[in-house]
Every structure is written in C-alpha cells, then in structure tokens.
Amino acid sequence: MGANISLLVLFMFLALCSAFPGKRRQYTPCKHTVLYFHDVIYNGENAANATSAIVAAPQGANLTKLANQFHFGNIAVFDDPITLDNSFHSKPVGRAQGFYIYDTKNTLTAWLGFTFVLNSTYHQGTIIFAGADPILKKTRDISVTGGTGDFFMHRGIATISTDAYEGEVYFRLRVEINFYECW
Amino acid sequence: MGANISLLVLFMFLALCSAFPGKRRQYTPCKHTVLYFHDVIYNGENAANATSAIVAAPQGANLTKLANQFHFGNIAVFDDPITLDNSFHSKPVGRAQGFYIYDTKNTLTAWLGFTFVLNSTYHQGTIIFAGADPILKKTRDISVTGGTGDFFMHRGIATISTDAYEGEVYFRLRVEINFYECW
Amino acid sequence: MGANISLLVLFMFLALCSAFPGKRRQYTPCKHTVLYFHDVIYNGENAANATSAIVAAPQGANLTKLANQFHFGNIAVFDDPITLDNSFHSKPVGRAQGFYIYDTKNTLTAWLGFTFVLNSTYHQGTIIFAGADPILKKTRDISVTGGTGDFFMHRGIATISTDAYEGEVYFRLRVEINFYECW
C-alpha cells in the first residue's frame, strides 16, 4: 500500500517534471502588455514637436551611396513618447529611446535597437528590444532581450505593427509584448 | 517498507533536481546549425551586387579623425544573403541584416548587431546576435540573445570565422550556432 | 504510516517546486563583480591617449540638426580600458568596446550597446550589455543580455554610475554587474 502510494508520488513527480518543457511549448506568456509609441520625424521645420531625426546618412557624409531609395544607410535616433492607447495626446507613460538603421537597397527594412523607459504608476523600469523590422509587413516580431525594474530579467517577444502614419513625418507603432520569462 | 521506498523516491527526486544545473554545466547544445553569409562591400562600382556599405564615417562627416587606419569609426550596414553551404551561388535561405562599427584604433575590431532573417522550407524565423568581433582572430564567439519563429526565445553562442575573403570587397563568414536554450 | 510519509515526500516536493519561482523573486545574484572603465574622448589633440571618438553627427554630415544641445544624434565609438579598481593607471583586465548614441533633445541621455572583452588571469570571456543610459542619474540599470567564455550564456543587470569625470574629455564609469543566470 505504502509502495503503491510512493509510486503514485513518483508518477506525479515525473508528470510535473515533464510538464516544464511541455508548458514552454505552449507558449503561454507570463505577462502581456500593449503599448503605443509615436515617432515624429524631424523634417527641418518641426523641431518643437519632433521626437526623432536622421543623424547619419551616406549622402549627408558625401559617401558614395549604394542605393538611392528606401533610405538605405540612414541612421535615425528617437526619443518617442509611449502611451497606453493609440492617441498621441494621451498622457505618456514613458519614452521609447534608441535607433534604427535602414539596411536594404530594394525594400523598406530597418534594424532596431531600443529601450522602453517606463515611468508611471503603471510601470517602473525598462524593456530592451532588438531585431529586424521589415516595415511593410503587417506585423513584425522582434526580441525582448532583457529588462530592469518591474521587468527585471524579463525576456519575450514583441509584435510590432504600424498603427497609423502621416506621410513621412508621423508613425504610430503598436507594440504587443508577450513576456515568456518573468521573475 | 513504505518509508524506505518513500525515501528512495525522495533521493531520486533530489538527484533529478540537482541534475538540472549539472546538465547545464556540460554545455550540451539543444540545437546546432551552421550557416554562411556573404558580405559584398560597396566600392563605388558594384552597386548591383553589393550587399553592404559604409554609411557613416568620421572622414565622410568632416569630423576630426582619431585614427587613420583600421577603419576606426566606420559604420557599415549590411543585408547579406545566407546560404547553407559556403558557395556564394547557392540558393539563399535568408538574409543577415544589421550593422558593424569598427571600434579600435590599433587593430581590426568591430562591434556587431545583426539578425538572421530565415525564410525557407528549412528554417522560418529570426535569430538575434550581438557582440565584439576581433576580426583577425580565427574564431570569435558572440551572443545569440533571442529569436522568433522557429527560434522562439532561443539563446546561445555563435562562433564566427572568416571562411574566405577577396581584398576589401568580399567576405564570407561561417557561423556555427549552438543554442543552449530552446523552447 | 507509509502513506503519511509518502504525503510528506509529496509536500516536500511541492515545497521545493514552488521554491524555484520564489528563489528568483529574492533576486540573489549567482555571480557579482565590480569593474571600472575609462573613456578618454578624442578632442582633436589627444589622439595618442584617446579611447573613444564621435564618429557620426548631424552637424558633421551637414544634416539639419534637431537640437543644438545635449549632443543629440552624436554617435560615439569606444575601446576603453577596464580596470579592477578606480585608477586609470591600473593594469587593464580587458576592453569595453561598443558605441553610444545621444538620443534626447532636452537632456543628456544615451543608448548603449557594448561588450566587455576580458582577458586576464581573473576573467576570460565577454559580457554583452544593452540599454538606455540617463547619464545625469546617479545610477542607471542596463541589461546584460549574454556572455561567452567564463560568462557563457550569463544574464543579469549592470548598474552604471559615473565615478569621475574631467570636463568633456574623461569619464570613469563604475559598473556593478549582478548575474542572475549563471551556467
């Protein structure tokens, strides 16, 4: 009888152990959040409102240009407000800070490295992102490689979509963040 | 008797528990792959074939230069084809997209940030890399900090070696990726 | 009796299982180290000693400038000596290599991407860092997203503080690294 129950304990234990990789394969996020950030690109006239600018470019540096289109080689730096909903006029809960580099000569693709610096009653801390951004796709997955504060040591996947844009001056990005490693 | 078996179960459990860190110390990859990427640097004449270009440089920007050698301060952006073997003419399975910055004044060293965007029957997804690249060393280890798709949440180490080069126009890099966190 | 002990084993097992997330929440580092790195910025006259330089800037590239202050848009590249204590003259144990980009128009904030390349009897390997650096704050937390060699697959948090500075030519940064994932 005791042996039977011990066996039962053993099976329960093994079932739980094997549950760990199984659980991971289900891809259930331990934390989920949706945030928006607003990129107002400097066009020479909107310095007061602009939140990002091209800071290096082959043509600016008189370097021979590999491609005349798709902004190839432009490096843009941004410090964009983050909001909880999709309104540019909502109270910011933080700033998206970092850079992107246009890196293809035959389509619009960028490489992103940036950080969400969140500072509100809602969230305190930073989230670090990196990855390739094929801008014309409806959704793009990039990596969340780390975090600090409320997001201490977190990892996950961020799904980015262009929620709205106005010419080449305003872009609103929706970022759905699914964390799969929470601490 | 029941107590003895229970103790046995306990010991088996503790053995299994302590096996987790032990397993990690053996550094057994959960996934392994070797890929090649091909960097054709723009030299002003090969725009059709070029896959990378210097997009910012101190001399280009008329900034005072710290060093005249080793390309110090040059920022190169690339969108290179990835192949399964070492032939430039093999069918690409994806693109290596990102940048490197030459960062030393007395030798050839770069800082790498890039992503493999894989899109084939073989692999679907992205792999994110970051790290220091002491180019003249035979092999260089950098970090795989994340991934998406087939490489969802993966982490690992990439060992890079210069497989071939032709002057300053063509570089072929062999990348051996060992994933130690698979999902 | 056997059943009771089996139950005890079960409870012990469950207690241990639930201890894993609990342990993480205590944030006990598995490895801890403090290092200093020394950034000697090139000012046009100190080429022999300089370890970093501005390699791209909107004004350098004749790009219209978004902001005239806070170095907005400047990209600096560095290859700084790392020491175990806060003396610039101590024997270096490695190099801090990477870049920062000034990314705000109304205060001093940078985005950091760099690697510690350690090569001493003390440490062999690399540590990869990324994150936002609000320079004027006393301490800033960034992410350690990976490592190689002695820091194989490590992750953690780095707390950066400006230990000393001299004008705009010398900065000494204290980096307290707490690893929470060791292998």
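The letters A, B and C name the chains in turn, as written, and every chain counts its residues from 1.
The criterion applied here is as follows: a contact is a pair of C-beta atoms (placed from the backbone, for glycine too) under 8 Å apart; a residue touches a chain by one contact, two chains touch by 3 or more.
For clarity, every value in this text was computed on a predicted model and none was experimentally measured.
K.L.:
Through what angle, between 0 and 180°, must subunit A be rotated so its C-alpha atoms fit those of subunit B, rounded to a multiple of 5?
P.N.:
Between subunit A and subunit B the superposing rotation measures out at 120 degrees.
K.L.:
Between copies subunit A and subunit C, are the contact residues mostly the same numbers or mostly different, with half as the line?
P.N.:
different
K.L.:
How many Å are there between the centre of subunit A and the centre of subunit C, using C-alpha atoms for each centre?
P.N.:
It comes to 20 Å between the two C-alpha centres.
K.L.:
Where in subunit C do residues touch two or more other chains at once?
P.N.:
1-3, 5-6, 9, 13, 56-57, 60-61, 75, 113, 130, 145-146, in rising order.
K.L.:
Under the stated contact criterion, what part of subunit B meets subunit C in this complex?
P.N.:
Residue positions touching the partner: 1-3, 5-6, 9-10, 13, 17, 24-25, 27, 56-58, 60-67, 72-75, 101-105, 109, 111, 113, 130-132, 134, 141-145, 155-157, 180-181.
K.L.:
Can you list the residues on subunit B that touch subunit A in the complex?
P.N.:
Of all residues in subunit B, those touching subunit A are 1-3, 5-6, 8-9, 12-13, 16, 42, 44, 47, 50, 52-57, 60-61, 75, 77-79, 95, 97-99, 113-115, 117, 126, 128, 130, 145-149, 152-153, 183.
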